[in-house]
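You will see chain A twice below: alongside chain B first, and alongside chain C after that.
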Partner chain A sequence: MHKYIIKRLLMLIPVMLGISFILYSIMTLTPGDPAQLILGPGATEEAIELKRQELGTDKGFWEGYVDWLTNAVQGDFGTSYRSKEPVFNEVFARFPNTLKLASSAIILSVIFGIGIGIFQAVRQYSMSDNIISGITLVLTSMPDFWIGLILIIVFAVWLKVLPASGANHWYNFIMPALTASVGYTAGTIRLTRSSMLEVIRSDYIRTARAKGAAEKTIIFKHALKNALLPVVTLIGINLGWQLGGTIIVEQIFAIPGIGTLMIGAVRSKDTPLLMASVLFVAFLSALINLITDILYAYIDPRIKAEYSK
Partner chain B sequence: MKRKWAIGLSIVMSSLLLFSGCGGNSTETSTEGTTETTTEGTTETTTEGETTSEGEGEVTNIVMQNALEKMGQVTVANGEGAGRDTLTFVSVIEPTTLEPGGVASSDANFRVVATQIYETLVRESQTDRTVLEPMLAESWEFNEDGTQVTFQIKQGVKFHDGSDMTVEDVAYSLNRAIGLATNADLAEMMDSAEVVDDTHVVLKLKYAYGPVVNILTNPNFAIVSQAYVEKCEAEGINFGRTPMGTGAYQFVEWVNGANITLKAFDQWNGGEVNIPNLIFNFITDTTTAAIALESGDCDLLYGTDSADLPRLIENPDVNVMGVQSSGFYFLTLNTQSELLSDVNIRKAIQLCIDRQEVIDGGQDGLGWVTPCPITPGIFGYPEDFVGTQTNVEEAKALLAEAGYPDGITIQFITPESSYYSRPAQVVQEQLRRAGINAELTMMERGAFDTDLSNRNFEMSYSWIGCSYPDADNIVYRLFHSQYANSTGQTNMANIVNEEADRLVEEARKSTDSAEREALYLELCELNDENAWYIPILTSTNTVTASAQVGGVAGNSGSFYYVSDYTFEAE
Partner chain C sequence: MEEKLLEIKDLCVEYHTDEDNVYAVNHVDLTINKGETLGLVGETGAGKTTTALSIMKLLPIKIGEITSGEIKLNGSSIISKSEEEMRKIRGKDISMIFQDPMTSLNPVYTVGDQVAEVIKLHYPDYNSSQVEARVDELFLMVGLPPERKTEFPHQFSGGMKQRIVIAMALACEPQLLLADEPTTALDVTIQAQVLQMMKDLKEKLNTAMILITHDLGVVAQTCDQVAIMYAGEIIENGTVEDIFEGKDHHPYTIGLFGSIPDMETKSKRLHPIDGLMPDPSNLPKGCKFNPRCPHCKDICREQEPPVYVNGTQTIRCHLFK
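And then the complex of A and B:
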């Protein structure tokens, strides 16, 4: 098991290198000069050249990348072109908001997703199953900016019970978390239902029923553990996505998170800031994937046996 | 039973499709709005709402026309929020730094916050850009040949750290500003500043330049503390994140990406301010920002999308103050390109343009027809100038005369933001009427700037701002041949014309207002004859305030001095 974890962690190194190289290429090879964007249309050619030297964008492609990499390996990811702040100051200032939003959205989707999914599977083809299936289909199809705006209109403009924007208090996150979780909840419900149904039909459940185990025990002790495997994968993937910043939700509710930071960095061609924020998110996603894989082992002993080989 | 379900479901699905269709436009709206403000640095309020059909388009236009008229009625809000102590000001873009000179001089996102913390020697009047009011300078005087300005500096002014502002600080600030790359365009005529005596500072110019004092209203020329700036440099403190000046409000806290908190400076040289606390909130989504104002979460909003304007105007709790912006949108015809070096072809393009139609179709009616490169409120604006009128038949005749009876194809570039791309598409259609096929490329902003600066285009649709209210600021850089065939966004049409050079040079040097006005009128006519630039429209600069705030005035320079505002009714 430890060996496996170490192997996976080591594999992160080439992944991070690859991501940084691709990002650097995109940022430097696409048209647009950060020095010119900062100085504005009125700047003279000399002024722009000076600014390029200051930013270090006057170097060649390879030299620039190697310089960045050398510094990054030593822990210096540079300063933002625009704010002149060390890039991780900005990333860490924004990250707590994204983390709050992502985790609350995921918690909501896990609670409702798994709960409702099991409920449906147990009552397959009943009226309630059909109605819920219809609703989940609708929810999966709804774009989150639309849900967000509707929530704002109802709760902020009409009822005036929740603030429309900001990230200062816990109640600022109610509407954003709901908005961000809707799609994930619907997905989790559907996956839980179908994987639960599959398990319920399997032989060992029939055996359990035959030996007279209580229905509750069958569902929660025998069936659920096996049915949850794909659901855990989905939750892991969802969390990775969410940490990358739910850009639209952040934008609509004016939450200063990672997503809006990255968008801003792309627009202003702020290469160091973009690279730091994307690498940070990529690293987290990779970690979450690893944790998901480790969780498998606890849920399914067969996989644990695989790991120890 | 199952069939019923299927039918029910399909109804739900199709209604969803409809909803998502509507929603799609609104997201586009918000992201476009942001792009615009980031790159241009000013919040040009133009219309983004897509109209779905011809009929609806007309309705929107009527709404917009009414909106324009109504906006004009409220110029100064009247406060009704007695007893409140904190004003929340929402801006759609967070400034990147609060260091004077740390950003381009045209960056209005910086300006909105910086004007509260810093003070300049003079400021623009809130109602008339061309009128200057004393700020840190009590008076100023030009020498005989107009190459030096001596400022009498206000005494007893304190910085936020409690230290006294000295004439040395003033001279240091000016020299610092002159040397900064971000001010290269504005400070071009300035040589250096020197201390004369304990109360006077002289600004020496490279050549006589009448509007020089107007330039000093820009917060990039704000007065900073020499000791503090040097301390920041020595200790590696990021000045842009810990700003310190002499303004009515002093810096308290900057929460990255969310807000900037300021509090009234108790030793401010202007006396006591009415509102003790000031918070800037940054809400990138323009619709959310407008809702924050409507729901009472904020008091002041800079950067309103005009899709939200009609609703805000109808709201009795909100005052919308919009004034005509001083920058304008225009076509540039690159005279060094093969086809457009022919004046007949340029004239043909000009004859196809119907400005009102561009405003109606590309800006939902919210805009002003702009026939010449000098806008109202700017010195040199030729009020009665009309310019060439639309005439497609004549355009066709000119094309035939130039040897292209079957029409031509030209390359046309514009930034992808809908502030540009929608009007550009209308222009494209108008040109088609005379057989001119303009191949429109909508470009990412950075790429567009690069192509424009390198003159790598035939025709472009772009925007130019006016940093201070004098025609010279715009026309000199657009028309003078010294900038032709160089790089940068100056003389992009590559005009090399002795007459144009003479006019802009004489108008720059002259101190006689009447003579200058005559020269600028001549220049507008010359441009119209040659069709180098085809100015199209100006849009609005809007600030929206809760009815609880008094004293707010819309202005085209984006100077909003919160120290003038009050919660008390007048």
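And then the complex of A and C:
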């Protein structure tokens, strides 16, 4: 198990290298000069040249990448072209907002997704099952910007109970978290339901019934642990996505998070800032994937046996 | 007079599907005495498993329904028992062994925990060391080292898994064991071992058993009584001697025995019974075996055959009067 974790952590190195190289290539090989963008259209040729030297964008492609890499390996990811601040200062200033939004959205989706999914599986084909299935279908099909706008109209404009934007108080996050979680919740409900239904029909559930176990024990002890495996995968993927910043939700509710930071960095061709933020998010995603895989082992002993090979 | 343990009278079970009703079990009568083994023989789809599931009241919810009849365990009706009362009976008075040991154990719990669960359910006053001691005892009884109780089902072979399932079924020393083709999924050498073990344990614990199988060899080895099922009906019922050595038989029974390849005479082909079992949602009128019966008469297509009683043997056929 430890060996497996170490192996997986070591595999992160080539992944990070690959991501940084692709990002650097995209940023430098696509048209647009950051120096020009900063100085504006009226700048002279000399001023732009000076700015390029200052930013370090006057070097060739390979030289530039190797320079960045040597510094990055030593822990220096450079400064933002615009704010002149070390890039990670900005990333860490923004990240708590994204983390709050992501974790609350995921917690909502886990609680409601698994809870409602089990409820539906136990009452398959009943009236409530059919109604919930209809609602989840509608919810998965609704784009989150639309849900966000509707929530703003209802709760901020009509009822005036929640703020439409900002990130200063916990109640600022209620609507964004709801908006972001709707799609995830609906997905988790559907997956939990189908996975539970599959497990409930299996032979070992019949064995548990033949033992004389109560229905509650059968559902929560025998079935749920088996049904949870695909759900855990989905939650891991969702969390990875969400930590990468939901640009749309952050934009609608004006939350200064990682998503808007990255979009801004792309627009201003702020290569060091973009690389730092994307690498940070990628690292988190990989970490969450690893945690998901470790969780598997705790749920299913067969997978644990695979890992220790 | 032997004591009656289980009495089934006129049991009918239907499965309701979207298209039609499937008549899985039709007017079945069975009696099992304490400590006795009954072999329930028949083709796939004859209603053997459905009969067993009815005794456990574990028919698929909303789909399977007992439409008429009575099942009595020690004289008290099972049909009228509530779900909660049934839970106390399942695993304690009646337990069941299922066909496929590979899938009947929960993959995410240790085998020891799964055996312990039955004990904890039915002996709530046992403390944990008593439960563990009982699990060890059961493991030894089915020929498995108790140290392996902390392992998971995937670490065992099919035969060992079936031993664990048997240990689970016998944990509370049930009065009746329903064994639904317990050896079908195992290879032949393991089959013999498991059957011998079941037979020994049954005798030791004085458990009655319904052995569901389509293997007549197994029946001859282990059973006292034999009931042959066809299209949801018991068409012939008697002691092992009646069925294997008696002179009068239902044509289906003769067909079943005829389809066993004979090792002594050389024959190039097997002798199957012609035709297929009728569709249980659309059973033929009269005798259900009439489309395949070599002795079919006009009356067989019109009237349900009467039950012919000859000592301990009963045959449901028009040929005998």
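As a convention for this text, the second predicted complex is superposed on the first by the 309 of 309 C-alpha atoms of A that agree within 3 Å, B and C clash if a C-alpha of one lies under 4 Å from a C-alpha of the other, contacts with A are read in each partner's own complex, and residues count from 1 in each chain.
The criterion applied here is as follows: a residue touches a chain if its C-beta (ideal position, glycine included) is under 8 Å from a C-beta of that chain, and two chains touch if they have at least 3 such contacts.
Fair warning: this is a prediction, and the values are worked out from it, not measured in the lab.
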Checklist entry - Taking the superposition as given, does A:I22 touch the first partner, chain B, the second, chain C, both, or neither? => result neither
Checklist entry - Between chain B (first) and chain C (second), which does A:M1 come into contact with in this model arrangement: first, second, both, or neither? => result neither
Next on the checklist: On the A-aligned overlay, A:A164 touches which partner chain: chain B = first, chain C = second, or both, or neither?
Outcome noted: first
Checklist entry - Is A:I291 in contact with chain B, with chain C, with both, or with neither (first, second, both, neither)? => result neither
Next on the checklist: Quick check on the superposed pair: does A:I107 touch chain B, chain C, both, or neither? Answer first, second, both or neither.
Outcome noted: neither
Next on the checklist: According to the stated criteria, A:P41 is in contact with first (chain B), second (chain C), both, or neither; which is it?
Outcome noted: first
Checklist entry - First (chain B), second (chain C), both or neither: which does A:K51 touch? => result first
Checklist entry - In their shared complex, at which residues does chain A touch chain B? => result 30-33, 36-48, 50-51, 82-85, 89-90, 93-94, 130, 134, 137-138, 141-143, 145-146, 149, 152-153, 156-157, 160, 163-168, 248, 251-254, 256-257, 260-261, 264, 267-269
Checklist outcome for this item: In the complex, chain A touches chain C at residues 202-204, 206-214, 222, 225-226, 299-302, 305
Item to check | chain C - residues contacting chain A, complex | outcome: 56, 58, 86-92, 95-96, 98, 100, 103-110, 117-118, 121-122, 152, 154-155, 165, 168
Item to check | Residues on chain B engaged by chain A in the complex (per definition of touch) | outcome: 5, 8-9, 12-13, 16, 19-20, 23-24, 26-27, 30-31, 34-35, 38-39, 41, 96-97, 102-107, 181-182, 184-186, 238, 240-241, 255-258, 281-285, 287-289, 291-292, 294-297, 444-447, 449-451, 453, 464, 467, 477, 486-490
